[in-house]
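What follows is a pair of complexes built around chain A, which joins chain B in one and chain C in the other.
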Partner chain A sequence: MDIEVELQSVFREVFDADDLCIDRATTATDVEGWDSMAQINLIVAVEKHFSVKFPAAELSEMRQGDGNVGILLDLLSARVEATH
Partner chain B sequence: MKDASELIDQFANRRGGDPDVWKELQAWMKAELQTDDAGALQAAFPRLVIPGLDYTTAVSLQRTLKRLRAKIKHTGQAPKLAILGGYTTAPLAGLVELYLSAGQVAPIVYQSDYGTWRQEVLDPDSELYRFAPDFLIITGTWRDAGHVPSLLDSPELVAEKVQAEVGDWQELWRIANERLGCQIIQCNFALPPARPLGNHDARHAAGFGRYLARVNDGLQDAAGPNVTVHDVDSLAANVGRWEWHDERFYNQAKLPCAPECLTEYAHSLASLVLAQLGHSRKCLVLDLDNTLWGGVIGDDGLGGIQLGQGEPEGEAFIAFQRYARALRERGVLLAVCSKNTESIAKEVFEKHTEMVLRLDDISCFMANWDDKATNMSRIAAQLNIGLNSLVFVDDNPVERAIVRQLCPEVAVPEMDKDPANYIRDVDRHRYFQAVSLSPEDLKRTEFYQASDARRALETSASDLNGFLKSLELVATLDHVQPMNLERCAQLINRSNQFNLTTRRYSAAELSALSKDPHWFTRTVSLSDRFGDSGLISVVLARIEDDSMLIDTWLMSCRVMKRGVEDFVLNDLVRVATERGLTRLLGEYRPTEKNGMVSQHYENLGFEARGENEPGVTRWELSLTAPLTPKPNQIQEVRIVGH
Partner chain C sequence: MIRRLSRRFSHRGRLGRALYKRFGGANGFEWAEHLRATTDLYHLGKDCSILPSTKIIEPEYTWIGDRVCLGSCTLICHDGAAQTINRRHNVSIDRIGPIIIEDDVFVGEDAIILGSTTIGEGSVVGAGSLVRSSVPAGSVVAGNPAKVVAKVEDVVRFWEADTLAMPWRHLIEQREGAFDRNLEPELKRMRQAHFFQGKLKRP
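And now, the complex of A and B:
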């Protein structure tokens, strides 16, 4: 499973943008509508899609700069590995 | 692409859970939004807004709704909703808006700042009063309770604190009502999952769970007609409290519950608003074959349909009928819409002993061979209500699709294939949410029956007879006959414990025997205050000369110790005497499992007549002198077959 590709499809669903492309450097300022509410929606969708649950500390870490794909990817990969 | 309607059915069936269906549906919705009037999407949208949507799907549908509304000007009701919350209310508000669209309602929403509900209500110059809502929704979490007792408080002090808590909210309602005169919806407290006192959380006067439960009770009692208490606690309990209270989302975003549970919260809240706006449904229209019973009455006949105690499927249909009956008792109309010959369909209601619903429960009986959409209009016309008051339940997806297509105003829930899930599939939609339950809604005679039952319980003694009396047992006597043949065969071939001889008979043998004049067959069905146990006892006896030989006597263990044995003996004595017989002969054949009835005949006053095979004891009861009937607590006897 290529986590980055799957994560991109989750982003597209959450932000309702079929042509949205993300990479490790993408942050909240690059994506239209990535506010604190969208961050919650994103976490719910990611947790469901990858069948994982992030501990509270990781949820805080992801909020740095209101949203950061690089951090999310690192935490998600570790979480997926630990869970599955 | 698949037909959109079929796609929506699949979506509704899996509650949006199939990613491929959802993708196709999204593509269809996008294409629709590109058309001039998006008419098909506009028409189909209410069918997408089903309870139990997952959060991500619901948020996506919210966006679609927004676009749809931008394209087509909303012309329906647009009530003003103010939401005052002790937490972040925006996600809930958005979902409430989504669910209100199912009733073609587009609210204007005002939300207070986080945690400022008291100030908003108390300050006459607040934004709330400028907004002047039609509905004021006040919602918090257990963290917003203001008079939490300490474990050292006396029970009296705790009671005062409960009063103070309720009083605080009541005061807010009073002020808001004075200044706004609008309907107030107060959410009650969802009890937290953690119980630091363990089981004492519900026992100790100051246990937090007990405290909140008492406050919730007090809120209900304090609420006048202008206040609706929204039972959020029941939602949390239904979902599961640990799942509902995902603390991570409170800590992170001050959400009252896990986002996945917000859709249920919003659906329930929206159903209360829709009820106030007059959108509740009034009539449940029921198909018959495979909806109220298993099988097809026209093909299988009275004895062939599945209905009744004993078989899991038969019990599921009974449970569903009970649910429908409970709806009727609270004032929901019931109608039948079935492709059947009317007389054959009605015969089940009149003659099948396991039917819970009776003909007088049905306000409109439509059994014919016309299409069901036409019949929906007839039912609505006959009951003098709109098509938008009907809910149609049918196990057949084709019939559901036809009604949806030709009568889009009728609500047609997707039904699971398993009848055990029928109740859930109707109940979860909250179709029949009522503003209030007035006494006129409830059927009077049954209301009085209920108070009689309570009185009986109050006076019931603590002894066994008093208890049995309070059960209000009703026994129905019948013979083995085609309609109960299957159940009898099943009991005869399965009962091991309360079974004197453990002789097995096939349904065919049993059928032959029931028609043989040398045999007497007896079946007993039992019901009580709590419900119907169905057919629970079978006796097969052979008549030889002046004797009645009890070949088989068995009983279901679920009705042990209710005096049924004594009652059956009285009946056997009565029948034998009427036939001029002079004695009853019994037999006990011990097995590994039937030890519980080894004293059966002795207890009933039979005399031992030795063994005819090793271990097999024989018993005799002489009828030459009149016998005093055995006392028992069966309150009422209905004799179907003599």
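And now, the complex of A and C:
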């Protein structure tokens, strides 16, 4: 399955919103309830779903990008490729 | 002078305590030791920090473990409504329960913890939370009613990553403890420059 589609299902589960749609331009301000704690839970859920672990430098990059989904997708794709 | 006097008489009844609280300038660790010596706390572990502004309404039903840090929070073991209900309904209800705060818990400003609750080891209670039920060990709780919003182990990983990205991280690595008088001016300068880039500072 496409990573972006799978990622969207993780978003929907974490934010408990069945109709939530994300794209590369989505940021924390676009999603209700996406605060600093939700960001932590989101990344932990993403790691669990894709069986990956982001190193500190990548976590920091995601945080600085205001939760930009494009950054998350790029880092996730690279990590999935490296891991599997 | 006033500070020294208030400290000297801090153990002399309510007035002594009030003076110490007002003028003694006690930090959290000193106030915790003062409470250990002067109140009926059921248990107070070692290396605790309790701000003088913390309200522990029933110390005799309050159990506090080691290295606990309490901000200006309120701990209430009893339910004040019981007395009114008893009078109105001509009943004799007793509504009181213990508060147990296990080791290495942090409680933020203005949090309220009610009786019959246990705050599990290593948990963090966010500022302004109202804790009505027990908190599992290693949890971050926030809100009213307080709910688990994250696991402390996850938060630690993310906060470490955040700190690594801070321009002043080399100063944090040098710092001993939470505050270093020598490093503070440079830390403040760097933080302000980072936080308020391009914003005018008052003249």
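Assume the second predicted complex is superposed on the first by the 83 of 84 C-alpha atoms of A that agree within 3 Å, B and C clash if a C-alpha of one lies under 4 Å from a C-alpha of the other, contacts with A are read in each partner's own complex, and residues count from 1 in each chain.
Everything below uses one rule, namely that a residue touches a chain if its C-beta (ideal position, glycine included) is under 8 Å from a C-beta of that chain, and two chains touch if they have at least 3 such contacts.
Source: prediction; values computed, not measured.
**Student:** Touching A:57, do we find chain B (first), chain C (second), both, or neither?
**Tutor:** second
**Student:** On the A-aligned overlay, A:14 touches which partner chain: chain B = first, chain C = second, or both, or neither?
**Tutor:** Once the two structures are laid over each other on A, A:14 reaches chain B alone.
**Student:** Output check: A:25 vs chain B and chain C. Expected answer is one of first, second, both, neither. What do you get?
**Tutor:** A:25 sits against neither chain B nor chain C.
**Student:** Looking at the overlay, does A:5 come into contact with chain B only (first), chain C only (second), both, or neither?
**Tutor:** neither
**Student:** So in the superposed three-chain picture, is A:82 touching just chain B, just chain C, both, or none of them (first/second/both/neither)?
**Tutor:** A:82 contacts neither chain B nor chain C.
**Student:** Of the two partner chains, chain B (first) and chain C (second), which one does A:45 touch, if any: first, second, both, or neither?
**Tutor:** first
**Student:** Could you pull out which residues of chain A sit against chain B in one structure and against chain C in the other?
**Tutor:** Residues 37, 40-41, 44, 56, 59-60, which sit in both footprints.
**Student:** Under the stated contact criterion, what part of chain A meets chain B in this complex?
**Tutor:** 13-14, 16, 36-37, 40-41, 44-45, 48, 53-56, 59-60
**Student:** Can you name the residues of chain B that touch chain A in the complex?
**Tutor:** These residues of chain B touch chain A: 54-56, 59-60, 63, 90-91, 247-249, 251-253, 255, 259-260.
**Student:** Which chain C residues qualify as touching chain A in the complex?
**Tutor:** 140, 142, 149-151, 154-155, 157-158, 160-162, 164-165
**Student:** Taking the touch rule as given, give the residues of chain A at its contact with chain C in the complex, in rising order.
**Tutor:** Per the touch definition, chain A meets chain C at residues 37-41, 43-44, 56-57, 59-60, 63-64.
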